[in-house]
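Several structures are given next for inspection.
Look for chain A in each of the two complexes below; its partner is chain B in the first and chain C in the second.
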Partner chain A sequence: MGFYVVQALTGLASASALFLAAAGLSIIFGVTRIVNFAHGVFYMLGAYMAWTLTSQFGDSVLGFWLALIVASLSIGVVGLLVELTVLRRIYQAPELFQLTATFGVFLILQDVTLAIWGPEDLLGPRAPMLDGSVTVLGHPLPSYDLALIVLGPLVLAGLWFLFYRTRWGALVRAATEDREMLGALGVNQRLLFSTVFFLGTALAAFGGAAQLPKGGADLLMGLNILASVFVVVVVGGMGSIPGAFLAALLIAQLNAFGILIFPQGTLVLMFLVMAVVLVIRPKGLLGKAEGASRIESRALIEAAYPAPGVWERSFWALAIAALALLPLAGDAFALVLTKDILLFVLLAASLHFLLGPGGLVSFGHAAFFGCGAYAAALLVTYAESSMVLALLLAPLLAGCVAIIVGWFCVRLSGVYFAMLTLAFAQVLWSIVFQWTSVTGGDDGLLGVWPDTWANDDTVFYYLVTVLAIGGILLLRQAVHSPFGFATRAGRDSMLRAEALGLHVKQVQHVAMVFAGALAGLAGALYAFSKGSAFPDYMGIEMSFDSLIAVMLGGVQSLLGPLFGAGLFSWAAHELSTLSYWRGILGLLIVVLVLAFPRGLAGIPAAFRAARERLA
Partner chain B sequence: MTALLSADGLSKHFGGVIAVDAMSFEMAAGEMFAIIGPNGAGKSTCFNMLGGQLKPDSGRVSLAGEDITGMTSRALWGRGVGRAFQIAATFPSMTVCENLQVGLMRRYGRLWSILRSARKQYREEAEHLLRLVGLGEAADKLCGYLSYGDLKRVELALSLVNEPRLLLMDEPTAGMAPDERRALMDLVVRLARERECGVLFTEHDMDVVFGYADRILVMQSGRRIAEGPPDAIRDNRQVQAVYLGQDFSLEPVPGSVRGAA
Partner chain C sequence: MTGKRVGLTGLLLAGVMAAGSFAQAAEPIRIGDINSYQRMPAFTEPYKKGLMLAVEEINAAGGIDGRPIEVISRDDDGKPGTAVRLADELFVKEEVALITGSFFSHVGLALASYAGQKERLYLAAEPLADALVWEKGNRYTFRLRPSTYMQAAMLAEEAAKTDAVRWATIAPNYAYGKDAVAAFQTVLTQLKPEVEFVGEQWPALFKIDAGAEVQALQRVEPDGIYNVTFGSDLAKFVREGELRGLFEDRVVASLLTGEPEYLDPLRDEAPDDWIVTGYPWEQIDTPEHNAFVEAYQARWDDYPRVGSIVGYNTMLVIIGTLKEAGSTDTEDLVEAMSGLQVDTPLGPVLMRDIDNQSTMGAYVGRTAVKDGKGVMVDWRYAPGENYLPKDDTVRARRPQN
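Moving on to the complex of A and B:
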């Protein structure tokens, strides 16, 4: 009995740190409507900053707690700088853009942390007076946990006071409920947004700082907390602070007890809970229905995908000719690189079909890529299937997974859709990662080589090229097909599409299966190309990389995924020898997004517009 | 003879606001039937319950004798109900012609192909419909760039794709100049008479309402306060009181384009 009580108390303690971070994200989303991917990095920075300050001043009780608070406030200032330099310029931009830009900020700050504090994990300091433990029903509980348990409700009360007893708080609530009205009231929006961002990041930093004595600081904590924080915010309902509190309690308890029943599966449990909540309550526990759709009609006009013109056709002819002639150059490495790029382009193009024509922001598209890879690898390993059969079946299997995942996901929309796709991807990843006896777990499945007839580098290169280009062209044709039009119709106006007899959710479901199957094809080819399948193939990073590729290229152009994925793979390849290459990539992303809000494919149009302005 | 459309005790409330309160009426095929009322009277809420965008809290709707209460707009489309929204809903990223082609491809069950090229499908039929509503010239313009009046015309053309027997039109001529309004309403009346199609519409422009409706129902605060032919409504003291008391701007004011938003 005592053991369970202590377990529950530990759960309450971790709920506090989780709540602090989640509350910050939720407030920022509520007011600015930005889903801030950089949030995790502020949490991490809070911990690092607190580590530095407590090592100087943390010996007295007052010094320790002051150090935590000063650390949080200083990171809040960093957040403020980010708001002023980056976010302020993209409040009106399409959602996807905001996601990309904040993810770029994440990558930059991640590497800044690495540069300042180095790669080693830092051990948390002891909190003065709280470094012992108390005995609860015969079981020890760290005293610091008690402090954390108090901290969560204390901050909740503080936020309540701020929101319901101050004029600023009233404005924040008004902005969360109705953004248009706020403009009408003549409120200084810039100031409000900046202060909200400051508070949100300071809260995240405080969350990171507060858990420092428990968990220390490391470079992965930003990405790790991000997943949990998103789950908490989505389960609680975007923009709802009490919802975030409730969800943080729920998730933390789930972790505390889940670890006893299902030691490695807490991540899966967490995402499963989120999936269940979202299926029952599509806006989270305490979330309110959002008003109008976020997609502006201006953005839609740009996503018109006109029929291919002369220059697009010539581009394709040239590209295909170049790919066909490449083996003559006799550069074996160029073949390998081109193969990788082509498969990444196919993955990006299949994601583009969802993001662009479908208007469906999927955060977990790599799941289908990974399913294709594992389907092929499992078929080869356990059924001694030939490569041809595996390549035929893998996309079908990935499509079948997409049937199941899609059935749940298309019930939701916007951020909730995105989070549920991410949840499913994480669940699939965990299955692959943990079912070691079948999938090999972390070690992956090896020995997935092409059939003998295709084992020659050049032959396999041609096989990949033909299938990848075929898949990319099929996706492109699909955009111009009746089905592509139906997909766009559902994105443009759900109301009109339904009134014209279209079953929008069904169309979206089929679009997910179609895109999933092609991602599966890319994955299967990738497995044969590398001779292996690893859990990474369906990891969060892979999903995000493909998202970034699509957004770099520009959602509103069919050539976008080509350029974006091409640039991304090339940059990843060229930069990966540098120690801060992720940060450089992040900087590249932020600069590109700010300079060319329509992506690479929009650069010609941007130059035309600039010339016209000058003339 | 059963009525084309009949509503019986339809009600809808949003939180504390009773938007529509026990509305009942019937209309016949080929009839032009107008619902009018000041802003916030509950007209759009009525249309949305009849058109499948909102589920009524209580009450019954039937279409030619069939109970259609709470059906989705998709299901109603299959039963021949066409819809124009108060805020025009079209596909802004597509050209006017492509908007109609989507409707036509749906109608002929051709939406699932991924190998055909959509731009070639039913192009002529789409252009024919566009000429009918006076948009022949705009076929290749993106819908997102059209004027509001033209969007309303696209909506009408879209509702005609399925050869409807009932048209639900929430402010079909909003944003048009007076002669454009007349042209559009002339077309609607002709369709109603020739195709025996019932038209339920609302308008803030009283010239349109009194010039084209066979019967008028007046709503205020979710309730019916009068129903009858235009002449009777014009002379009804209660209706006059509602309009004078509530919203002066509905009276034609020289120089103003339109009475109310």
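Moving on to the complex of A and C:
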């Protein structure tokens, strides 16, 4: 009995820690609608800053807790600076565009942390007076766990007071409900956003600082917490603080008891919970329907994608000619790099078909890329299939997976759709990761090389080029086809589209399968190009990289995402010889985002506007 | 004006270079190095420093037949796909003789597959996966560092000497953790058939819920605990375990925990009396090792980690191979590296021709806390050749052609 009580208390402490980390994200999203990738890095900075301060002043009880608070507030100021210098300038851009900026900020601050505190893990200080353990029904429990168990609800109560008993809180709640109306009533939204961002960041930092006595500070903690806090916020219902608390409680307790029964379940449990909750309650545990429908309608601008003009046709002619002649240039590595870039561009183009014409923001698109790669690799490994057969079957198999995933996902919309795609991607990832006897686990499947006839670098380059360009042209053909018009109709006005007899959910489902199959083609080619399939081909990072590439290029255009993906993968390769190259890449992203809030595709318009101003 | 100055400087530079090429008529030998420098700086920076120290020493001594060694480094970002592209870049564009490096096992495996396919030489420095030289091994892939199996076998040998019979294991939930647990179970059961394994925990890598995992281990009441967690997971596990009394009166065997990379961040909370593999660099007192430590500290103003000695030995093996081969042709290099013996600061190391695994060993001992930091005590050097399975077993696990 005592064992289970202590296990439950341990779960409570983890729940509090998780809630502290997630609360700020929920607040920021609720008000500003920003999907804040940088949240994890603020969490990490909070831990580092608190580590520095507690090593100076952390010997007394007062000093320790003051150090934690001062650290959180100072990181809050960093968050405020980010809001003022970066985010404030792009509130007018389509809402999901801001996640690109926060991704850039994430990369920059990650390297800043490395530069300041160095690469070695830092061991967290113990909390004075709470450095021992107490005995509960015969079992020891760290006394700091008790502090955490109190701290979570305390912060929850504090936030409740702030939101329901102050004028500022009333304004924040109003902004969560209806931002335009609040603005029309003369409330200074800028100030409101800035204060909200400050509070959210400070809370993230406090979450990081508060877990110091449980471990320490390290450079991976920001990235590692990110998925967890997104899950907590979504399971709870975006923007709902009590929901986040409930979700943290649910996940932490399931984890605490789950590992007793099924110790291998640690990778997948959280995402299974999210998938189940979202399938049963599409708005999360305590999420409100109104808030979400607003997100949906405002998520992306309603781009029309005019039929290609003479400029665009000549661009394609030139591009194809250049790609065809490239092997004559005699630079063998250029072929390798171009091949990799083309495959990433195809992945991005297939994602853009969902994002742009479909209005479906997928956070888990790499799942299909990975499925294609694994389908090919499994066929080669177990059925000794030829490359041609594998390349034919892989997109079909990826499409089949998309049929299943899509069936669940299209019931949802907006950010909940995005998070459910992420959940499925993670579940697929953990299947591949865990099922070692078949998939090789994270050691991957090796020896997936092209057939002898295509083994030559130039031949394989042409194969990739033809298939990738073919896939991209097929996607753009689809945009201009009746099917493409139907997806756009569903995106722009679901009610009208349904009244016209379109089965919008079905159209979206087909769009997902189509995009998934083409991502699968890219994945299969990638597997043959690298000779292997690994779980990280379908990992979160791959999904987000492709998402960033599309956003960077500009959702409202068809060519933009292609350039975005090309630039992204080319820059990542070229910069990688520099030290701190990820930070530099982040800086490049932020600069581009600020200069061209409509993505690379907005550059011509930006120049036209500038010329008109001059004239 | 500026143009003229540039012109003059250019002329000067050209002159200097011409003079240089007279003095040093030979082209440098280029070596490609691929590693996760940005993702895992705590491990890969010491590696690079060790590698470069050996390069500077050989170049100062006149290089190889007058040709200096030039290392071209690339960052794989921890991604196997990227690593394979970089391998292409290094071989095709930079024309390196061979590639080395890599930290993560899956990146190492991807490069091994590449090496086998393209018939290019890859010397894996740090990745631990057994499959790298066994199930997925090939003629063109060699590995320096003692593998997961070897280090687990070293611990199992020590663990068998204790009274512990009931064992529980905790390992990160990925290939390295699974390999490490499987190898430990195999070897310990061979040495001491009465042992039983009563529980296993598999926390997600770097996402351990330490309190709950410690409780789960408590519940099965083991005599001994075998730990494979490392890095931030280890810090959390140690702290929770201490607070909850998990380690009291229990034998703990812990993989890699004695390496400075993992032991030093724990400072005065380093675990007491655990059986570990590691690298007690400050206590090793042989002329070869003292010379290495002295040179390393003089060059980098820092102390060596395991990564440093692995990097240094990697370059010694490469230098030995180049000297033996007398050319930079891949087939000559493979022939030369296979069966090569090199004297390193840790003693002689043989690149076994049976599986391309080196016999570089590790240090096995117990942990203790002295002067506010973790150290290894009662340690000994465990030569790698003693901890490899019988040749028949190796042949059965490695594709033979």
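By our rule, the second predicted complex is superposed on the first by the 601 of 615 C-alpha atoms of A that agree within 3 Å, B and C clash if a C-alpha of one lies under 4 Å from a C-alpha of the other, contacts with A are read in each partner's own complex, and residues count from 1 in each chain.
Just so we're on the same page, a contact is a pair of C-beta atoms (placed from the backbone, for glycine too) under 8 Å apart; a residue touches a chain by one contact, two chains touch by 3 or more.
Bear in mind that the values here come from a model prediction, so they are computed numbers and not experimental data.
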Just checking: does A:I259 make contact with chain B only, chain C only, both, or neither of them? Give me first, second, both or neither. second
Is A:F198 touching anything from chain B or chain C once the two structures are fitted on A? First, second, both or neither. neither
Does chain B (first) or chain C (second) touch A:F97, or do both, or does neither? neither
Is A:R496 touching anything from chain B or chain C once the two structures are fitted on A? First, second, both or neither. first
Which chain, chain B or chain C, ends up touching more residues of chain A in the combined arrangement? C
Considering only the touch criterion stated at the top, classify A:F64 as touching first (chain B), second (chain C), both, or neither. neither
State whether A:F485 touches chain B only (first), chain C only (second), both chains, or neither. first
Which partner chains sit in contact with A:V336 here, chain B, chain C, both or neither? Use first/second/both/neither. second
Within their complex, state which residues of chain B touch chain A. 51-53, 72-74, 77-78, 83, 85, 89-94, 98, 101-103, 105-107, 110-119, 121, 142, 144-145, 158-159, 161-162
State the interface residues of chain A toward chain C in the complex, per the touch definition above. 3, 6-7, 10-11, 13-14, 114, 119-124, 132-133, 139-142, 145, 214-216, 218-221, 224, 228, 252, 255-256, 259-260, 263-264, 266-267, 331-333, 336-337, 340, 433-434, 436, 441-444, 446-447, 449, 526, 530-532, 534, 536-537, 572-573, 576-577, 579-582
Residue set of chain A touching chain B in the complex reads 297-298, 300-305, 307, 474, 477-478, 480-486, 488-489, 491-493, 495-503, 507, 510, 514
Residue positions on chain C within touch of chain A in the complex are 37-38, 41-42, 45, 73-75, 77, 79-82, 84-85, 88-89, 92-93, 105-106, 109-110, 112-114, 116-117, 129, 131, 136, 173-175, 178, 200-204, 206-207, 209-213, 215-216, 218-219, 231-232, 235-236, 239-240, 243-245, 264-267, 269
